[in-house]
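Pasting the structures in now, so scroll down.
Each of the next two complexes has chain A plus one more chain, namely chain B in the first and chain C in the second.
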Partner chain A sequence: MPARLLMDFISGAWAVMKKDILEEYRARYAFNTTLLFCVTCLVMVSYSLGGAVTDPMLQSAMLWVILFFSAMTGLSRAFIKEEDKGTMNTLRLCCRADHVFYGKTAMNFLMMSSVIVIVAPLFIILLNVNMRHVGYFALTTALATVGLSAVSALLSAIVAQARARGMLFPVLAFPALMPVFLTAVRATGMSLAEAAPWTGGGELVFLAAYAVAATVGGGFLFEYVFSEQ
Partner chain B sequence: MLFLAALFGFMTWTLYGALVVTPPAHVLGETARIIYFHVPVAWVAVLAFTMSLWNSVVVLRRHSYEADMKAEVSARMGLWFCVLATISGAFFAKSAWNMYWNWDPRQVSITVLLLVYMAYFGLRSATPDFDRRIRLAAVYAILAFAVMPFLVFVIPRVYMSLHPDTIINADGQGKLLDDKMRLVFWCAAAGYSFLYLKLYNLSVRVERIARRKEGWDV
Partner chain C sequence: MEGLILENVGKRFGPRPIFSGISFSVSLGEAMCLWGPNGAGKSTLLKIAAGLARPSSGSATCSFGGRSGKPLEFRNSIGVCAPDVALYDELSPEENLDFLSRARGAKRDKAHERELMESFSLEGFANAPLGTFSSGMRQRFKLIAALAHRPRALLLDEPSSFMDEAGRARVESIVASLKNSTALLVATNDPAERAWCGSTVSLGGDKFC
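Let's look at the complex of A and B:
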């Protein structure tokens, strides 16, 4: 019985995610916007620095500022586009709230991960970064992206029902994502530094805890945002 | 009226105790007298945010306008007490570290906490529909409160901080304060908590009248 429930859950969330992947494949709106924003910012930062040697912590901070603001432009669309196209009520009729939330979170994760896969090598080349601990960096970005995706999905659903959506999303998201942002900056800085980052491990534990809290808590809260009663 | 008079007397006595009766603190000297104001005010902010959380949970369970009103009033008061804690902390920073603001992890945390609750009010004003507003605001208040432990307890301990908590409260139980200091400190904490309760009751009554005028069923 639990296996069947799990399969139901996975197939429901996958249906929502598949719809979004198809939609994104046809229009490539959110992915292109997010990627272009990221690349433009990276080029501007690199050009402004003019090849100056920068501290690993500063490089890490620049990377995360760029990723954070690109996430603000791309991930906010998850539910706003449904409200704009008038398909939100169809989703309410056809899908369970948890399927929608986890489908959208997975889609956000897929989109941000794809952007990071392209942007990270560019970051290394353009800012002349010496990436010393690739595994630590990959784990940091993966865990931070899970937290970012879940919180963004929840906030996008909130903002989609309010006015001044474009401005409201970063206002709501910035303080809620600040803990994950600060920790990701610190952990990424450690992955660029000479010393082995694995010894402490507090940052990764923190990011994992935030990711779990955001994913599970977001799933509970989303039901109240999604329902119209 | 009697309660107000008693509270006034109690707060006056606490102020006298904080400024005259208690000795200077271990290491920090006279500047540490701010703990009789700054810490209770920060504590009341947390108390107010907890009340806001509780009422937000009630909103989601019962869709209650009354609980939404209490959640909003509590969040507003929490925000004001948080502003007072930030300002008093900045004065301490000026005297102890020679600058009002140096992005110490505690200052980062409290700034983000202020932004969280400002965003809460931004969300409320951006949602004109009553029913949507109370539902969305309740969800955001719960999310905001879930972030608070990370900001208040985790970040200041992960990052190196100059906050004197590590000097005055090194053992986690305030044993480095002497008996008089501890007595005045706990009295100040109790006094500010009662002050908050009084202000909360008054604010709820004022808000109820304002909402009834706007057509809310509270």
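Let's look at the complex of A and C:
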């Protein structure tokens, strides 16, 4: 019985994610916007600062500021587009709330990961970054992206019902994502520094705990946001 | 009784009451019309019956297979065709139907879907993006999507709007074929659509006849 429930859950969440992948593949709105924002910011930062910034923590902070604001533009669309197109009611009619939340979170994760895969090498090249601990950096970005994706999915569903959506999303996201942002900056800085980052480990534990709390807690809270109006 | 039950339902937007104290039930084999002028609250009442809007007072419940609960607990038993329930423009009818059946966790009945596509003359457009469809074709496909999972309760909001004569006739014949086995709720201010139904709930006073 639990295996059957798990299969139903995976199948329902996958249906939502697959639908979003197809939509994004055809329209390429959120991915292009996010990627373009990231690349433009990186190029501007690299031109204006050149090789002047050599401190790993400053380099890391620049990367995460760019990723954070690009996420604000791209990930906020998850439910706003459904509300704008009138398909939110279709989701309510056909899907269980948890399937929608985890499908959207997985789609956010896929999109942000794809952007980071392109942006991270550009960051290394344009800012002349010496990436000393690639594994630690990859784990940091993966864990931070899970938290970012889950919180963005939940907040997107909340702001989709409001009028001043564009302004409201960053305002709500800022306090909710501040802990993951600060920890990701510190952890990424450690992956660029000479000292071995694995010995401390507190940052990764925090990012993992945040990711679990955001995905599990978001799943519970989403039911209230998603239900009838 | 199997079907939809609305008890003492009222709705207000802020201080403005739309309707109040509405009670009726639609059982299997029954067709009910929600009738009234624009702004009377027909679509809102239909959305409450579908579980898409929360009533300010009263309750909407569904009862199928010996079980009762909120309408959204019966996703596989309810079909809705309404302006507020849109489908995905970037996806084709085939992809939309695949998503809807997977999301419901139901097994796809492709033969039934093909039959519906043929009956609404959309069989040649199964793989074209919905965004390229005309308003009438889109409305036809909305009806197909509402019927594809063989719902036991069908909720239609002005179902033949945007349709040509052939489309209207097709909707009428499909409604006629479903009337004996389905709980049918139609929100309309079109006398022709009202004539499909055996009974009527009037909203917005007696001025609208």
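Following the convention adopted for this analysis, the second predicted complex is superposed on the first by the 227 of 229 C-alpha atoms of A that agree within 3 Å, B and C clash if a C-alpha of one lies under 4 Å from a C-alpha of the other, contacts with A are read in each partner's own complex, and residues count from 1 in each chain.
Here is the rule we use: a contact is a pair of C-beta atoms (placed from the backbone, for glycine too) under 8 Å apart; a residue touches a chain by one contact, two chains touch by 3 or more.
Since this is a predicted model, take the numbers as computed values, not measurements.
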In the overlaid three-chain picture, which partner chain does A:L182 touch, first (chain B) or second (chain C), both, or neither? first
A:V171 in the overlay: touching chain B, chain C, both, or neither? Say first, second, both or neither. first
Does chain B (first) or chain C (second) touch A:Q161, or do both, or does neither? first
Look at A:V134 in the shared chain and tell me whether it touches chain B only, chain C only, both, or neither; answer first, second, both or neither. neither
Touch check for A:C94: first (chain B), second (chain C), both, or neither? second
Touch test for A:A195: chain B only (first), chain C only (second), both, or neither? neither
Of the partners chain B and chain C, which touch A:K19 in the superposed model: first, second, both, neither? second
Which chain A residues contact chain B in one complex and chain C in the other? 229
Within the complex, which stretch of chain A touches chain C? 8, 11-12, 14-16, 18-19, 22-23, 26-27, 85-87, 89-95, 99, 227-229
Contact footprint of chain B on chain A as seen in their complex: 151, 154, 158, 161-164, 168, 171-172, 174-176, 178-179, 182-183, 186, 202-203, 206, 210, 213, 217, 221, 224-225, 229
Hey, which residues of chain C end up touching chain A in the complex? 47, 50-54, 72, 75, 78, 80, 82-91, 95, 99-100, 102-105, 129
For a test of understanding, state which residues of chain B touch chain A in their complex under the given definition. 60, 63, 108, 112-113, 115-116, 119, 122-123, 126-128, 132, 135-136, 138-140, 142-144, 146-147, 150-151, 154-155, 158-159
